[in-house]
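Structure in structure tokens, see below.
First chain written, first letter: the chains are A, B, C and D, and each begins at residue 1.
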Amino acid sequence: MAETVERTRTVMVAVIGDGDPRGPDAHRVLEWAEEVGALLARGGASVVTGGLGGVMRAAARGAVGEGGLTIGILPGDDPGDANEFIRLPIATGLGVIRNLVVVTAADAVVAVGGRHGTLSEIGLALRMGREVVALGSWRVESDRAVGGPRVHRARDPREAAQLALRMAKDGPIRPS
Amino acid sequence: MAETVERTRTVMVAVIGDGDPRGPDAHRVLEWAEEVGALLARGGASVVTGGLGGVMRAAARGAVGEGGLTIGILPGDDPGDANEFIRLPIATGLGVIRNLVVVTAADAVVAVGGRHGTLSEIGLALRMGREVVALGSWRVESDRAVGGPRVHRARDPREAAQLALRMAKDGPIRPS
Amino acid sequence: MAETVERTRTVMVAVIGDGDPRGPDAHRVLEWAEEVGALLARGGASVVTGGLGGVMRAAARGAVGEGGLTIGILPGDDPGDANEFIRLPIATGLGVIRNLVVVTAADAVVAVGGRHGTLSEIGLALRMGREVVALGSWRVESDRAVGGPRVHRARDPREAAQLALRMAKDGPIRPS
Amino acid sequence: MAETVERTRTVMVAVIGDGDPRGPDAHRVLEWAEEVGALLARGGASVVTGGLGGVMRAAARGAVGEGGLTIGILPGDDPGDANEFIRLPIATGLGVIRNLVVVTAADAVVAVGGRHGTLSEIGLALRMGREVVALGSWRVESDRAVGGPRVHRARDPREAAQLALRMAKDGPIRPS
């Protein structure tokens, strides 16, 4: 029975990043997020985000434009906080901790830009066994050998979406 | 814009209760849960549960039988843990704390039977401002006057679903 | 080794209740909380609270007056939020979820008055296997037989502290 | 009054790292953790850890050897899970989420070695505004300019403890 669920449910990819990107490249970050969202939806994935502004809104906007399902895992208790491109708002009341749900609910995670909140989500994603694709985001490396899921760097939205879709469907891509 | 979201999003009702009901009335509890799930879906609500067995599975089964959307807020990190009637599994990694999300994600809550986990969900629902309908479940009363959301006792699945749908759509029903 | 820890560590009792009690009996609720805190400390227990005002502050004040250790499990990220009678502030960043920690960190729980937040803590305490003593607080009863930890009603601070200390040290008191 | 609390309370430093370090340098990691714990206690800090084995146990052992207070923020609900060098076990029932409490409860954080759980704690620490000192642990860098708290790399336990104590007491050290 569990197998049936596994087979029929849609693939879910989280897009994480800054809720209010600033600086000279803020515009580009939002464009990237929107394109990643669109490409994920076109690839058949539902897009999970934190449901608020900035990268979360841009990714949802891209996904909705391609007819995709957008799920917003909100920190507060009011579903009305969700941006207008979220089709399914999940109000959690969890505050900061909702970050754990955003990445655990997904089969793979794409980080676009981002500050410390995004870094915490990357760490939690790896902790929960989710592969992460980083686009203009954090580089994390250990001084010691660490196995398991990794952060894969992508050069552009197309590569980011492709990597994420592939890993969400088939599991981790390991360096040969 | 937020208004638009509010207007178009589907009403969500949580059904909470025992994941493994026992005792002489276990069968009746499951029948109740399934009927509540069916009536909620027929009334146009999406049904949120904890996504596992017992009351959660019965309610989802009822809802799916009426073509409803079923959302499972899972305690673990594997979407494959969801019962076969969950259309949208949300793996949270939260453990016990996922109980907060189940009730906060909903506009109103129906408790069918249940033990201490269900009581904690009732308490959290009221704490988060959600009205609760209890069907063969917990009675909670304060020694002191306490305003705000309440637990409304229902006699049967029909009354439970009606009360929950009405409050999810129009807000709390206050004794006149 | 674990045994050693168990033997030497101090017993911990949580006191929960309203952070800002109102109404005609608010004064009495605070007096009760302070007396409960004092009696618990005199009985050798450390007192755990949510670290803020009202009942939390009164209980800590009572405990500190008897030379007891007071631990404040704060919802925010600033230890400076703790009331002045907290000797060990634990800033959690958890928001509402810190309620789970308050009761889980304790060996037994005393509820003095309280509104919905307190009810959620009572539910979570029972869920986590902690016995609860209620003083002018919530009455919770199930329509169905439910085993495990219970809410014990006390008539005054003395009975509340005695019951809590006894259960924190020796385990649950079962009706004969 | 809040000021009084701030002035009198002890400084708290978290030591995070692997609960079961493996590989050729596992022994060195544990030695480092024990030395860091000892130096922090000698410097007047209480040591917060996740309360279990490996780096958590080694750091607590070092601190206790210098007469320091050791606080263990446990993921489970049994204070008996704490290692034998924890003087104050806080059972949380939070699972993975207890990582947020470990770092938020502290004024500064030292990471010794560590895998993905440690990376998630580093991310959460920065997210909550805590400075992090890394000793043979993760390097995190952003592709974009990000202000706020940072990860400071230390060469040995002495430098790690000094940096952490200084930042815990006086606030962040900024590159000049």
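General observations
Here is the rule we go by: a contact is a pair of C-beta atoms (placed from the backbone, for glycine too) under 8 Å apart; a residue touches a chain by one contact, two chains touch by 3 or more.
From a predicted model like this one, the values you see are computed outputs, not experimental measurements.
Counted as hops between touching chains, the shortest connection from subunit B to subunit C is 1.
When the CA atoms of subunit C are superposed on subunit D, the rotation angle comes to 180 degrees, reported as a multiple of 5. Most remote from subunit A, judged by the distance between CA-atom centroids, is C. A straight line joining the Cα centres of subunit A and subunit B is 28 Å long. A separation of 40 Å divides the Cα centre of subunit B from that of subunit D. The set of subunit D residues touching two or more other chains comprises 93-94, 96-97, 100, 128. Put simply, subunit C touches subunit A in their complex at residues 93-97.
Per the touch definition, subunit A reaches subunit D in the complex via residues 23, 25, 29, 96-97, 100, 113-117, 119-124, 126-128, 134, 136-146, 148-149. By the touch rule above, subunit C contacts subunit D in their complex via residues 1-2, 4-6, 9, 12, 71, 73, 77, 79-84, 86-94, 97, 100-101, 104-105, 128-129.
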